[in-house]
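So, here's a batch of structures to check.
Consider the two complexes below, in which subunit A is the common component and subunit B and subunit C are the respective partners.
And then the complex of A and B:
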């Protein structure tokens, strides 16, 4: 068979993404139709930049999700097909089996794996980890930043000192110190996970408790239910048989995170949370002087109610914008970890690792490194544009 | 002002001590030491042999004591071997124990010995830092002026077409981490697949003899990522200044637009970017590690990677101390500079 021409490659790639295009069209039609009823999210569709960013981000989100169900991908991301080593984009398989996709759309890498499928699978890793890690970092930052800004004083000095301590570390040095096998062996990342992952529980617990303090008949069952489920999830997340933290017996353990992923996750959360802490602290210091906070204090509301139900909702604008930017930053950090071969397994299809694999032969073969590099670039660019659009629209109020 | 600086320096020293202790603890955990023993001795050491090796080196003392010795505030550990000879950290090979100094730590200028490069840590760090200094200097030369020009041009007419275009450029460069832009730049300008071959894809030869051909790509790669951020800060600050009353007055007075920008707006608009540029140093350090690995330029960042991946404890400690020091000093300078440049802020 002849190799595909560039036009054929593009057509085939576009066809391969059909489910993503369909979802994007449906999402955009629905959102634009009902944009007046959707609050800030709807306002996003008034700004062109925001829409472009949102489309880029959702493209990768849908690609990741569909890719994880085995759609879009043309080959197994780990399978090696002999004779396809470093083949150029559009190269045909030498002797394809029945039902096997007959081309490597974006060529093969130096282990004869399909670059296109690895790109799609890499999207799934980013889409899974980056938003979740950012969310955890926000939980930690908010839970510590609100009291630091609201109370001030010694607590503030102490917490700010800790945050500055972590911020003064060059990120890569921190990664090298936390993600090496020797450190993982001592269990430090597991202990850090144990501490860091408590914060969502604390956050939700305090949030609900302060809201329903005056209605004991709702508060007790709600807290028991929510914290029970979250506690179980928390314990199954941190405990792993054979690691240093094995608190749950195996039959109660809902899921196991591969320890490499857990370490990466913990270090990314750890690096991000001090910055979030500083932002939240600054916002809290600013907002606590407003009249509605004074009104709540006069009403006799507790400090946590004021922090979580008066200050936090009013700080949401900058926080949402920063959330988008931070997901992009987390994506970059994940790529950095992959680039230095830290944490993730060497054959993992995530973008950082594939860029690192591909760069060795960059002088001769471009495609194995360029494809994941452009993917990462477009995803982070989308997030930055989205944040920009959101900022513009939220300032307009 | 003096008191302010004094307090900041105090906090800085405290932070530095905490951070070095943290790094010291993380690099001196038992698995690391075990690996060190096995790479220094042999890989088939039994557990007892490992313990006795570590015992002789004084590695099994409490962490705080070891940290004190490394810092040079506690007398260094000495071990009497079975044959009566004495070995210790301060006693160099071939030196009599009586002549060796009692304290040898960072404060005395002794940084330890690198197991990978077989050389004194102090001299390795100094040479590598010099190479990285060269890289950083050219990065600054390229990055700061272009970022400021980009920011001023887009900020002086907010919302105009120039602004839109330049802002998009700035956003794109902030969205491109070094390992992406580096790969793309090498692919376009240095690979034989595209065939432009304007520049070299490695910077190894730039260590002795840096020229445009072998040094421009690494410099550009680091600059791009930081440039977008500084440009956006400058743009925001410029746009804010341009709405101020005194600019309107100048306009009504009939001052020409270029004159307004250069003589009236620029000085006030550059206060915020100054802090940002100083705070970019820690980020540049990250960029340096990535770019030096990517372009095989054997500077400070490359040494960090080598030390960390080869479990070279003392070299890693030295590298960490230097990088933490750089970060803290730039923070201090940025704080002082901000107060100095902005007369509205008083410290007392």
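And then the complex of A and C:
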């Protein structure tokens, strides 16, 4: 068979993404139709930049999701096909089996794996980890930043010092330390996970407690229910048989996170939360001077109610924008980690690892590195544009 | 730069300005005409959102990217500003037309010395040398009566007080001797006594330089004091235009009339002659009614006529350049007596609920913030020996300018701070040392507060109903959600808001409506003592009356003790039973409203009374302008706190004022003042405000 021409490659790739296009069209049509009822999300559709950003982000989100169900991908991301090593984009398989996709659309890498399928699979890793890690970083940052800003004084000095300490530490060095087998052996990453992942629990617990303090008959069952489920999830998350933290017996452990991923998660949260802390602290210091905070104080509300229900909701604008930007940073961070081969397994299809693999033959074969690099670029660009659009729209009116 | 042009300095003809949003075009100013003759001061009066600032920005051709002039012309000395290039406009701005804004600090560059900022003006517009510019700056700063001009020129903006900053802004505007000065609420951010001094200065300089002025304000009293002519605006249109005397005494538009009836003039009384609020709300720009914009709120509305066609300005025969936008102005009997509002019985003050005895609140401030702790500390005396009683269903007004300690007192009473010394007795229980966390629910619910800024008093991300229900939850009222919701709806009824508002978000409410929600929230736990911290000062005049009356009505029903903190003496005279005047933490005068508002006064009370602008041409006021600014509480003057600005100081023998804090003197019937003036001097005092015989 002849290799595909560029036009054929593009047509086939576009065709391969059909489910993504369909979902994007449905999402945009629905959103634009009801944009007046959708608050800030709806307003996004008044800004061209915001819409482009959102489309880019959602393209990768849908790609990741469909990819994880085995759609879109043309080959197994880990399977090697002999004779396809470093083949150029559009190269046909030498002797395709029945039902096997007959081409490597974006060529093959140095281990004769399909670059296109690896790109799609790589999207899923980013889409899974980046928002979740950012969310955890926000939980930590908010839970510590609110009291620092609200109380001020010694607590603020102490927490800010701690944040500065972490920010001053070289990030890459920190990552290297965390994944070193000797360090893993001591259990430090597991203990860090134990501490960092407890924050969402604290956050939700305090949130509900302060809100329902005045109604004990609702508060008790609600807290027991919610914290019970979250506690179980938390214990399943941190506990792993054989590691230093094995608190749950195996039959109660809901899921296991590969220790590599856990380390990546911990490092990303650890590095991001001081910055979030500083933003939240600044916002809290500003908002605590408002009259509605004084009104809450004069009716005898507790400090945590004021922080979580009077201050936090009114700081949401800048926080949402920062959340989008921060997912972008996290994506880059994940790429960096993969590039250095930290945390994720060497054959993992994530973009950072693939770029590193492709790097070695960059002078001769460009495609194995350029495809994941462009993917990373477009996703982060999309997130930045989305944040810009959100900021612009939330400032208007 | 004086030229020989002698026509009107500014001539605005049928001007229309619109703002374009992504939804629709919003007309901000429609069919607006006004002319300013040389040396004339024209006032532009109206409530917020009526388009008065838009007119000013239109004159400056600075409408932002979504504002556009859609019709009419703005002629400056006969040249149409609309047709000028950016280059030409830049030449005119700052040199021939200067503008003074509301916030002095926002108009000055904080990173540049005052002298530099002033010198820029002649250097840019006239190419003056640095030396000439400095001479000119020195002269102008002397003209605006700032002490020690050389030092001021070498200072940064933050080193000056608000009043001084505004004087510098005025000086900057005058640097190039403009032909037209636009003042956009120049004194709103200042204290009353400082405001009086700045207004005096503007008037004087206007005469000296022969500058024409366009004075934008919401305060009718201020316009009366400064302007020759005025133009009343309502919802984007000029509704009445004429000389001050014509408009004030022979008003020809129902809106002007309603506006005058809703402001507390001397003689208004909350029981015998209550204020008449203008019914309804200000229409949003895209919801204006057909025909006359004021028609839905007008007493003289006639269906089929007032709403049939667009109404043009019509000249009022017999008066000079007096025009009105009302079809029926010749039919309405303008002199008809005001329909007496509901007269109410004066509530009798009951037993003593709150007793303050010798209360002191000192703050310790580290002298050196960076290495604090070890160094010496300074003590700020925010409240000094406060003693008074407040009775059931009594309104006690606490009057004073910023920094006088009234807000600190409110904080101590609420329990947000604890007292340094003395006691606060609520029903004979001491609460001065109990912080709010340690107070029981009943005490907290009993003492509540209404805040000043309506745009800040409600949590923007919680619905109105939710916020009131939360207060009910905290105060332990109602057994379940259903009961609380019912009570919340009753509270909305109490403050006369539609029940549908329960599900609205605060941003969907107007300022007055938000303030009503704030009041409902304060009364959620059946409060017995309500501290109202300037509850109406941020509201428009027509809304002020309604909110004030609401407070009074609730007070009558619930026998609440109202502590009304304010700097606006007109409203204090209207609604309070007793008045307490504070200055730098001291109570300088305390007595019933009549006692405080008639001689003998404390010298500070006298100056305050004189400083408040009154929108009534028949009132004659003594002019007392206080020199200088309020001293800092960090560094109070020795002896009497008021001695640095007091005009009676020379009457006290032996320099006693500078040595000793005056004792509290009883003048009978509970009237007390803190002053060294001998009795005969006190009895010599003349009333500040006199209503001329009709």
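Criterion: the second predicted complex is superposed on the first by the 396 of 397 C-alpha atoms of A that agree within 3 Å, B and C clash if a C-alpha of one lies under 4 Å from a C-alpha of the other, contacts with A are read in each partner's own complex, and residues count from 1 in each chain.
Following the convention adopted for this analysis, a contact is a pair of C-beta atoms (placed from the backbone, for glycine too) under 8 Å apart; a residue touches a chain by one contact, two chains touch by 3 or more.
Being a predicted model, the structure only gives us computed values, none of them experimental.
In the superposed model, A:310 makes contact with subunit C only, not with subunit B.
Using the contact criterion defined above for the overlaid structures, shared-chain residue A:185 touches subunit B, although it does not reach subunit C. In the superposition on chain A, A:223 makes contact with neither subunit B nor subunit C.
With both structures placed on the common chain, the touch criterion links A:294 to subunit C but leaves subunit B unconnected. In the superposed three-chain model, the partner touching more residues of subunit A is B, compared with the other of subunit B and subunit C. Using the contact criterion defined above for the overlaid structures, shared-chain residue A:340 touches subunit B, although it does not reach subunit C. In the superposition on chain A, contact of A:38 is made with neither subunit B nor subunit C. Note: no residue of subunit A belongs to the subunit B contact set and to the subunit C contact set alike, using the contact criterion stated above. The touching residues of subunit A, counted against subunit C in their complex, run 46, 214-215, 290-292, 294-302, 309-310, 313-314, 316, 397. Those residues of subunit B lying in contact with subunit A across their complex are 11, 15, 18-19, 22-23, 26-27, 29-32, 35, 171-172, 174-177, 179-180, 183-184, 186-187, 190-194, 201, 282, 285-286, 289-290, 293-294, 301, 304-305, 308-309, 311, 316, 319-320, 323-324, 327-328, 331.
Here subunit A touches subunit B in the complex through residues 161, 164-165, 167-173, 176-178, 180, 182-183, 185-186, 188, 328, 332, 335-336, 339-340, 352, 355-356, 358-359, 362-366, 369-370, 373-374, 376-377, 380-381, 383-385, 388, going by the rule given at the top.
The part of subunit C that touches subunit A in the complex is made up of residues 21-22, 414-416, 436-437, 439, 441, 444-445, 448-449, 451-453, 456-462, 471, 473-476, 518, 521, 525.
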